[in-house]
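The following blocks contain the structures, represented as structure tokens.
Shared chain: chain A. Partners: chain B in the first complex, chain C in the second.
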Partner chain A sequence: MSGAVGREPVFPTRQSLGLMKSKLKGAETGHSLLKRKSEALTKRFREITRRIDEAKRKMGRVMQIAAFSLAEVSYAVGGDIGYQVQESAKQARFRVRAKQENVSGVFLPQFESYTQEGVNDFALTGLGKGGQQIQRCRETYARAVETLVELASLQTAFLILDEVIKVVNRRVNAIEHVIIPRTENTIKYINSELDELDREEFYRLKKVSGKKQRDTAAADAEILAARKKQEAEEAAAGGSAPAKPEPEAEAADVLGENEDNDVIF
Partner chain B sequence: MASNATYKDRQLLAVIGDEDSVTGLLLAGIGHVTEGADAQRNFLVVDSKTETSQIEQAFRNFTEERKDIAILLINQHIAERIRHSVDTFADPFPAVLEIPSKDHPYDPEKDSVLKRVRRLFGE
Partner chain C sequence: MEGLFFNTNGGFVEGVVRGYRNTLLTGQNYSNLVQCETIDGKYSLSSSDRLSTTLKFSPIDVKLQLGPAYGDFLAALPPNPSTSALAGKMTDKLVSEFRYLVAQSVGSTAKFLEYLTYGYMIDNIALLITGTLHERDTRELLERCHPLGWFETLPVLCVASNIEELYNSVLIETPLAPYFKGSLSHQDLDELNIEIVRNTLYKNYLEDFHNFVQTHPDFSGPTREIMSEILQFEADRRAINITLNSFGTELSKQERRKLYPEFGNLYPEGSLMLSRADDIEGVALAVSAVSDYKSFFDAVGLSQGGGGMGGMGGGPADGKSLEDLFYQKEMEMSKMVFTRQFTPAVVYAWMKLKEQEIRNVTWISECIAQNQKERIGNFISVF
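And then the complex of A and B:
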């Protein structure tokens, strides 16, 4: 009876049959719900992958433009400003904040960039010359970083969704290939076991009634034999007090002391 | 899944890159130096003399130790030097982003995330 998946360790009773049936129903509902969730997530996932691909290409272009504007700066300033910039960086002006987006029960973070007002570490950079170029370069890089932030949120969503889809699919498969067959197996087992009990009970009753019939028949035959014997005795006695033993035999018959014996198996 | 509190206070971007990339990104205003005695910068300038172990250590510092970094930008040719660490790092926070640099154009084939995308679609 038990296949590869086995069955749950339960006693074959009607109560556990009911339990198993409701469990099977629950598993089927859960399976269809999870399947739908997985499909919704996968759809989202494919969309995100496509957008990542696009965003990565866009990033390549944007960074190229930004690098060019930096080259303009070093030409205008006439020297390297890298060291000065690195030393004057103190407080981040460009920050991100994470928002959450809910996709069928999964929280996907979304980065949103904002600039902190009033913080300017580079007020003196390019004071001598090339101030305009530096200003333009800053704007270009700020735009580039915005693209990068967008890409980063896509990438984070990609990683989280990847993980969640794996988990959901694992659950769907577990329900489909383990829990449902096992519950079905258990129900089959309980049913066959209950049928077996029914047959046993029926056979036992049949056996009891057969035994009772046999006993009754034996008792009847005994009584009949006794009566015949009595009649024969009476005939032999030749009519002496014929009415006297008759009621005695009758009384024995009424009591029926041979009937309804306990049947011992 | 990352809990709410862990990424609410992640506000900064960090960068590991060559001098030009770092300068540009700092001009955009992402540079941050923590206050106090052990001032920590959120950027690392890598040139030809920088040891790989130093890059590795900065990467670990930005990804594991510091809890205020939301996005880590790293030049692709530098990511190539610590490819193993970049590929093994799979947590959603901080997001590790490979960016092109001036001398090294962007190559989508080498990106660890795009590699995963390709693998998923069986290309």
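And then the complex of A and C:
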């Protein structure tokens, strides 16, 4: 009866049966809700996985192009411009904004990139030669960073979703395999205990009523006998009882004799 | 007449440079380089095969192909070198050869060679000024300086902690002081973009160099002809590039005009038109007086890939940018310099060719390293 999962330590009363029943109902509702949530999240998760795959491939291509455009710059300028660019950049042109997206109760951060137009700190780099290549290179790298930002938001969502899906699945499984069976067991237990009580009560009642019947029957018989005797006596007294008065008469005789006749030794 | 006494002082240097010229990579070398699979092949042939493999088709590594020309300089490269390390080693060779030439030269030739280094000095000083402006530790910047632009007082620049001190006490001691004087004050260093400072200096340098070869009595003959042609081209190229690159930036037209060197084929009418140009058509119009530049613009800007200009290089003309065409032209001019004699201008030409070679090799190895062979032919080879 108790099984592997055991049951809750409750007294088998009707009140706790009611409690358990509502608990089971709640657990079932929660289970179906969580199951649906987990499915929604998994769907989302699969989509994100697919998009990560795409984004990574895209990143590979874009980074390759970007690295190549840097090679073009070093060919055109004929030297290293890294330091000049580093030193002349004062303001970020490429910025990232973080947003939150709600996927069935899970907040996923989303990074959104945008360029601050008009900020162009190293526009004059390579003024003498290679300026156009530098600007072109900057454009390609801006695109590369865009892809990176996209990938970053996907990866973050991926990690968070992974965690959440694990938690939700754990809950679903816990409810499905622990809480519901345990509650069911408890209900069964309470039911059986209550049934047992019922049966005991029934038996006891039966016993009591049987005894009562017996008593009543005995009492009835006594009354009947008493009544018959009375009738017989009445009949004897009426002279209509030749057989019956005899023993009575004998007895009465005996008695009468005793009474009547003194015992002579 | 000019050849009569040239060899007394400059003959050795010229001879050495002509020797150097013969070690420049040829079209054959480049076509071998393009076939390479790696920069530093692990499965390269043994050293005994080296000489024979360079002559025929051999898809091996870049380092091996460069072996005959660069020899020991590449020996110190770490395994699997980066392209910048490779370029650095090649520059080292250029520097050491140039230093040898400087050590061998006297008189006006020595002065001429000194002028060649000023361009690099400008770059170095711009680097240090940038560092000082941002209050960086300028000592570590010294390592980034181009070795050819090194001069004795360069490390002293690091002593200056603020820009005024730098200007008043340090820059005045450098060979570039005349270029600062009159056109840039110490406030300018602080306020103007470093690129404007650099280009102002470069403009002054080009004008001074031009003036030097025009007026110096020793350079009366071929040097004057060659160098004025080359420097005029250089001046025009800078003017055009500055104009093109300044579109869409905060550089105003007046400021832009100040950066144009005041000589060259375009000066003065073309420069004036350039300073008024608003877009690439304006530039094309400004340079249309000079047929060479006009054909460049035709090939690049208006009919993409239509012209046959620059087709003599390694690659097809349609992948070329304006800068490529300018480089191509520069290389052809440099090549022609070697047809003249009794002039230190060959040193200039050799340096330009060598720099282009370094750029070419860097480009090729970059293409190989990134496995992007489609545009590997986009280099300029003139031999």
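Everything below uses one rule, namely that the second predicted complex is superposed on the first by the 192 of 265 C-alpha atoms of A that agree within 3 Å, B and C clash if a C-alpha of one lies under 4 Å from a C-alpha of the other, contacts with A are read in each partner's own complex, and residues count from 1 in each chain.
What we mean here is this: a residue touches a chain if its C-beta (ideal position, glycine included) is under 8 Å from a C-beta of that chain, and two chains touch if they have at least 3 such contacts.
Being a predicted model, the structure only gives us computed values, none of them experimental.
In the superposition on chain A, A:109 makes contact with chain B only, not with chain C. In the overlay built on the shared chain, the residue A:204 is in contact with neither chain B nor chain C. When the shared chain is aligned, chain C comes close enough to touch A:129, but chain B does not. In the superposition on chain A, A:149 makes contact with chain B only, not with chain C.
Applying the stated contact rule after C-alpha superposition, one finds that A:137 touches chain B and leaves chain C untouched.
Of the two partner chains placed by the overlay, only chain B lies in contact with A:49; chain C stays clear of it. Look at A:94: by the touch rule set out above, it reaches chain B but stays clear of chain C.
In the superposed model, A:158 lies in contact with chain B only, and not with chain C.
Once the two complexes are laid over each other on the shared chain, residue contacts for A:75 go to chain C alone; chain B is not touched. Comparing chain B with chain C, the partner in contact with more residues of chain A is B. Residues 64, 67, 71, 80, 125 of chain A are contacted both by chain B in one complex and by chain C in the other. Of all the residues in chain B, the ones that touch chain A in their complex are 1-2, 4, 7-8, 10-13, 19-33, 41-43, 45, 70-71, 73, 90-93, 95, 97, 99-102, 105-106, 108, 111, 113-114, 116-117, 120-121. Interface residues of chain A facing chain C in the complex, by the touch rule stated above, are 64, 67-68, 71, 74-76, 78-80, 83-84, 87-88, 120, 123-133, 135.
Of all residues in chain A, those touching chain B in their complex are 49, 52-53, 56-57, 59-60, 63-64, 66-67, 70-71, 80-82, 85-86, 89-98, 100, 106-107, 109, 111, 115, 119, 121-122, 125, 134, 137-138, 141-142, 144-145, 148-149, 151-153, 155-156, 158-160, 162-164.
Of all residues in chain C, only 83-84, 123, 126-127, 130-131, 133-134, 136, 141, 144, 146, 193-196, 198-199, 202, 237-238, 241-242, 244-246, 248-251, 259, 321, 323, 355, 358-359, 362-363, 366-367, 370, 372 touch chain A in the complex they form.
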